[in-house]
Structure formats: C-alpha cells, structure tokens
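Look for subunit A in each of the two complexes below; its partner is subunit B in the first and subunit C in the second.
Now for the complex of A and B:
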C-alpha cells in the first residue's frame, strides 16, 4: 500500500449534482450514475493531486469530526478507481482481503460513516422521456449527452439500451 | 432547491438528468448567441419550472425554437460538431402555435440559469404550446398531462387568460380549453378562477373514450421504420395506426373537436402520412442498418 500516492479526481465527462449528505455523479462516457455518500464525496473532493492519502485522511478527519484512518481513505479510493472517478486508476490496496472484511474492520473502529459509492439504475420512465428512442444502433450515437444507457445498442423496445 | 424528505433513486436520477439538461441548455444558448442567434426554450426544463421541487419530471433532449431566418444556420451549427448537443431544433413554433414569431419573442421572458439569460415563452404562450403539443401526440403520454396541470395550477398571479386563449383561432381556443378540461377530469386540476371552467368540463365523449383506450393500451407510437427489425413490434405499430388516433388526426387537420364525426379527419390524416412514411421506410431499408 503506497500512502504517498496523490490521486486526482476526474472532472471531465462527468455531471455532478450535490444533494444533502451525498453527491450524485453521472459518467457521460460510460452512461453510469453513481451516488457517493458524504464520506466518499469528501475524499473524492480532496483528491486534487496535491494531497497524499495520509493528508486526505487528516483533512477528512477535521471535516467529519471523527477518527479517519488511511484504510478508511483507501476504501473510498478503491471504489472511486473502480468506478472510473479518478484521472488515473489506482491499484487496489486491499490485495487478498475482501472489501466486506475491510468495511467490517473499518466500520467497527470508526464513528464516521464508511465511504460508499452506490450505482444508480435509470428508471424506465426516465429513459422513455429522455428521448433515448432509436431506429437502429447508429441512431443511438446521435444522442450524445442524453445519458441513455447505450450509445451503440438499440433494443427491441426502440430504446438506446442493452 | 428544496428536496423531498426521503430521497429515492428515481429522484436522484431526476436530479442528474436535470443537471445534464441544464448543461445542454447553457451550452446551446452560449453557442447560438455567439453566432447571433437568439433561441427560445420550450417544454422540458421550462415546463419543469412549474413543478413542485419534490415532483420529478424526466426530460432528455432540449427543445429550442429559432426564427425561420436563423433556422438553417442553427442547424448547421449543431451538425458542425460544435458544443451544442442534444437539441431538438424547431423552425419557430411550426404547427404548435399560430402566433407570429415576433409576438412570441416580444412576449417571452428571460430567466437566469447559472448567470446565463435563458429565454422562455411567457406563461400564457407556453401553456398554449404545451396543450397543442400534448394533443399532437394523440394524448397518449398521460405523464405529460402533468405539464398542463402544473402550468395551470402554478400559473403566475398576473396570468392573463385572454392572452392565452383569445389570440388564436376559435378551433385552437377549443383545443386549449379541452386540454385543460382533460387535466381537470383525470388529474383533478382545480378550475376555480378560470373563466371558461364550464366549457372545460364539457369534454366530448369520443375524446375521453379515445384517451382511455390509448392509456389502457399503453403502447407508445414509434416510427414504423424503427420497427422493421421487430416483426411483432411492427405489427403492433401498424395496428395502432389503423384507424388513426382521432385526436391526433383532428389536430393534424386543424380540425374541430366539436364536429360530430372524426372520419373525415382520420382519412385525410392517413393520406397525409402515407407518402412520408413510405419514404422513411424505404430509406431505412436502403441504409441497411447494422
């Protein structure tokens, strides 16, 4: 585990919306939506390429008002990397340990909510309303930035979706 | 912006889509203005402004109308790979309204979005346009009836009904009143304080029957050429079109809802659609989509 790494949060190709206690992120490249809880969002915002993992831990600790370990930060970075929310992917720091075990270990020791990044599934009503309608696969590539689940597939319901 | 107490995934998705639409709107207005084109935003985000914050309204592409003189330049700008994307471009308001472009522009209002001026129709013109648009779809999109509901329910205090319904033909006036009547019948829209409330309550029986049939069928109309690869879907779409939706046919023929029969409109509508339909289908077949 290299705690001197200075991860950088990805900014381009994302739509970000803050709501109380969480940050919502839409990835325009993968057409996936994520929900970051407060802890994950704080860590993501601290990934500016200047802060090391230890520094991020201290920063988050001062904001969250509870003990934050480097493992805690790594847990968030791991998920951020997996969901392509960092400029460059970061190798998982929990080789040989399942995330569930890590969460259990950190969760028991921490009063601050464990960082979680959840995936959001688009409701069908949203897809139909969003004009994700298509004639054939190429017509899905003509609907950039609409957040349709696919830009290459036109399904049997006439929607740009798998 | 206030949020509901319990935030669901559907609401989260709505917030993201709204943000996405706002980015598209900002990009489009900035891009068009750089070229000296002044668009008007209709439906979508403009309709969402009437909704309560806790009520998600999903929308995707953005509908922008530009003057007939600017239309070709605007279309070129969109296809040139500029930053303008996700735009459904309208040449003025075409069939959606008969009020002149100059009047629509002079009535229009400007609202702020992240410091940018966004031009939208005034509340009276917008309600009229949304009513006609809803009817143009044959009333099949029940969810979109809420646009009319909230536009009436949350209309500004200074809303002038005569500016909304008395500036178009008697036929179109009836269309607007009928749409509001439908929102009253099916969504319980409060008609008190509306000068034509009695007229709105008096809906033609054929029309409510047609709506209820469409909603029960729950099959959205899709272009036939989009269904060529799916025989069952194609068959359903053909069946949906025969006979043509009487509401849609009436609107397409600038017809009167109070006339005794729809047959004339339906026949005319079918003939109007046949040739362009065949053209689209043959183009799709020639393109041989993957």
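Now for the complex of A and C:
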C-alpha cells in the first residue's frame, strides 16, 4: 500500500450536484450516476494531486470530527478508482481482502460513516424506452418493429428494446 | 448494417432499412407545419395533406394541445411521414427512419409517443419525469416508474379516493421544482396489454390545475402478494432512483439534477414493492394526512 500516492479527482465529463449530506456525480461519458455519501465526498474533494493519502486522512479527520485511518481513505479511493472518478486509476490496496471485510474492520473502529459510493447506469435515451404495443407477448421480442424504432423490438414487457 | 445480418431477422431489416432510406429522398414532402411546445420547435412534413392533418391531430393530443403553430420554418427536430402505394406509412426523425406500419391507428399511436418523448427530452426550463402524479392537501405525490409497473393503476386508485389527478405519464417540473399538471386521459391496460383512454371524470375524479411542490416520491412497482413495507431514502438515494426516469438526463444533465434536488429536497421518499393498489391508496392518503399534520406542528 503506497500512502505517498497523491490521487487527483476527475473533473472533466462530470456533472456534480450537491444534495443534503451527499454528492451526486453524473458521468456524461459512461452515462453512470454515482451517489457519494459524506465521507466519500470529503475524500474525493481532497484528492487534488497535492495531498497524500496520509494527508487526506488528517484533512477528513478534522472535518468529520472522528478518527480517520489511512485504510478508511483507501476504502474511498478504491471505490473512486473503480468508478472512474479519479484522473488516473489507482491499484486496489486491499488485495487478498474483500471490501466487505475491510468495511467491517473499519466500520467497527470508526465513529465516522464508512465511505460508500452507490452507482447505476442510466438508460441511454428515453426513445429506447418508449412503450409499444405488444399484441402477442410470447412472440413480441421475435417480431421486428411492432410499433418500435427500427433498431429495437417490442419485448414481452411492452418496451422497445434492442 | 452488416451486423444486422447476423440476426434472425437482420437481413430483412437491413433490406428494408435501405429501401426506406431511399424512399425518404424520392418522395416529396410538400405539406408542412412548424410548432413550438415547451420551448422545443418541431417540424412535421408529410407527403399528403391527409397525413399532415392526422399528424397535427396526433401532435395536439400528444402534447395536450400545448403547442403553438409558428410562421417560422426553423425547427430543431423534423418528423417526416410518408405512405407508399400499399398504404404502409413510414416515420422519419431528423433523417433517420424510426418506424413503419400498415395499421393507421398503431402508426399514429407510436408517433404520438415518440413526439412526446422528443419534446420531453429537449424541453426548455422544464424537466419531464416518467411518473404518475396526484395532488393531495396541496402537495404532489410523484410515482416514477417504467411502463407496465402499475403506475396508472395506483394513480387511478388515489384519484378514486379523492386525490387530484395530475398525470399518469409525466411529472412536469419547472426550474423551481414545482410539478405542473400533464393530465392526459389515463391509459388503462387490460390483462392482454390493450390500452383504453379513460378520462379522469370517469373515475369520479378531477384534474389539478395549479403547480404543486413535491410532498412525497413513491418508488414502487406491482408485485403479486407484495406487502407495502417502505424504506425511507435519503435525497441522494431518491434522486438516484429517479434519474433513469428523468427524460432530459442526457441532453440537459446539469439542469435536470439541479431541478431534481430542488424538487425533492423537502419530500419524503419511500421505496417498496406493492400489492393491491386499492388498499394501498387508502393507506397512503391517510399516512400523508398524518405526515403533513406532523410536519406542520414540528
């Protein structure tokens, strides 16, 4: 684990919306939305390329008002990297240990909420989800263009889908 | 085009696409209207006056007559409709074929849906969410959901129990997060997915007329024998659930997220599958009565 690394939060291609106690990030390139809890958001904002992991831990500790370890910061950085929210990916620092085990270990020792990032892939376009007339559900997905755009088919749920 | 030929129907579809691409260019689209709806300018061109008449009627129905015919010929989106000698109709959007059909009613039903989505995706100062909406005690109850998840059924039951009808299709949010009515007839489906348009008056209900702040967001879908056992979500978690139903999320992401935050920051956001809509509607309205009362005294 290299605690002298200085991760940089990605800025381009993202729309960031602060909401009460959380930060929403929409990735315009991948159409993914992320919800960072307060701890994850604080760590992400501290990733300015100047702060090392140890320094980020101290910064977050002063803001959160509770002990923050370097493992705690790494837990956030792991998730930020996995979700492409850093300029450069960072190798996972918990090799051989599951994230669940790390969360358990950190969570028990910390009064600060463990950093969590929830993500989802948003559907590409509303046009693709236009509802259609599925006259005979069992055969709908096999029949081209029952009221759907030409690149999609009406599936058994009555949705136009590839 | 080559990739399509690997699929069962690919070859036929590919041939058909090629023929229709050329069709668009060989026909003469002499009949035209340009209109503006929710700030979006749309042009419709057809190969006959009759098709234009049908298209305008469909557009007015799709957008609840909230459109203004313009003298200007400038538009951001162009629909073209043509028919061949076999009376098959073809629909093009901005030069790309999107549908064809021999059945008039089904063709225009699809056009109705696509036109509404195009306007909803590109609307100015407005965020359309695919959702059912009712008004209750001065607040909007918003039910975002995909088609076929029981949105209309729950909206209809809430209306039968006294809620004001706003929409079974879209929550239309202004920049301040207020919900405006989009009260098309309820699209009620039978067991075989056949749709019938039902006016709200037929349910003994009435339509809301004023913009409302959101009091509650219900993230729910019908599941047989499911009980209503809701989990309360944070604002961030709630917005994450609403994003897939937010129509302009691709074209106006920043504005959409900002409006969603404003709209739901004071709302209670509940998530649970549901069973019977009739029983749940009574329970929900009673719950919101208590919730609103408690919110007033605390």
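Assume the second predicted complex is superposed on the first by the 119 of 162 C-alpha atoms of A that agree within 3 Å, B and C clash if a C-alpha of one lies under 4 Å from a C-alpha of the other, contacts with A are read in each partner's own complex, and residues count from 1 in each chain.
Definition applied: a contact is a pair of C-beta atoms (placed from the backbone, for glycine too) under 8 Å apart; a residue touches a chain by one contact, two chains touch by 3 or more.
Predicted model, so just to flag it, every value in this text is computed and none were measured.
Undergrad: Scan A:120 for contacts with subunit B and subunit C and give back first, second, both or neither.
TA: both
Undergrad: Name the contact category of A:31: first (subunit B only), second (subunit C only), both, or neither.
TA: second
Undergrad: In the superposed arrangement, does A:91 touch subunit B (first), subunit C (second), both or neither?
TA: Neither: A:91 stays clear of subunit B and subunit C.
Undergrad: Examine A:17 and indicate which partner it touches, taking first as subunit B and second as subunit C; both and neither are also allowed.
TA: Both partners.
Undergrad: What is the shared patch of subunit A, the residues that subunit B and subunit C both contact?
TA: The answer is residues 15, 17, 19-20, 22, 24, 26, 33, 35, 120, 122-123, 125-126, 129-135, 137, 144-145, 147-148, 157-158 of subunit A.
Undergrad: Tell me, which parts of subunit A touch subunit C in their complex?
TA: 15, 17-24, 26, 28, 31, 33, 35, 37, 118, 120, 122-127, 129-135, 137, 142, 144-145, 147-150, 157-159
Undergrad: Okay, in this complex, where on subunit C does subunit A touch?
TA: Going by the criterion above, the answer is residues 8-9, 12-13, 16-17, 97-101, 106-107, 109-110, 113-114, 117-118, 120-121, 130, 146-148, 193, 195, 234-237, 239-240, 243-244, 247, 249-250, 253-254, 257-258, 260-261, 265.
Undergrad: Taking the touch rule as given, give the residues of subunit A at its contact with subunit B in the complex, in rising order.
TA: These residues of subunit A touch subunit B: 15-17, 19-20, 22, 24-26, 33, 35, 120-123, 125-126, 128-138, 143-148, 156-158.
Undergrad: Quick one: which bits of subunit B touch subunit A in the complex? Just the residue numbers, please.
TA: Subunit B residues touching subunit A: 3, 7, 9-10, 12-20, 23-24, 58-61, 85-86, 88, 143, 220, 222-223, 225-227, 229-230, 233, 284, 287, 289-290.
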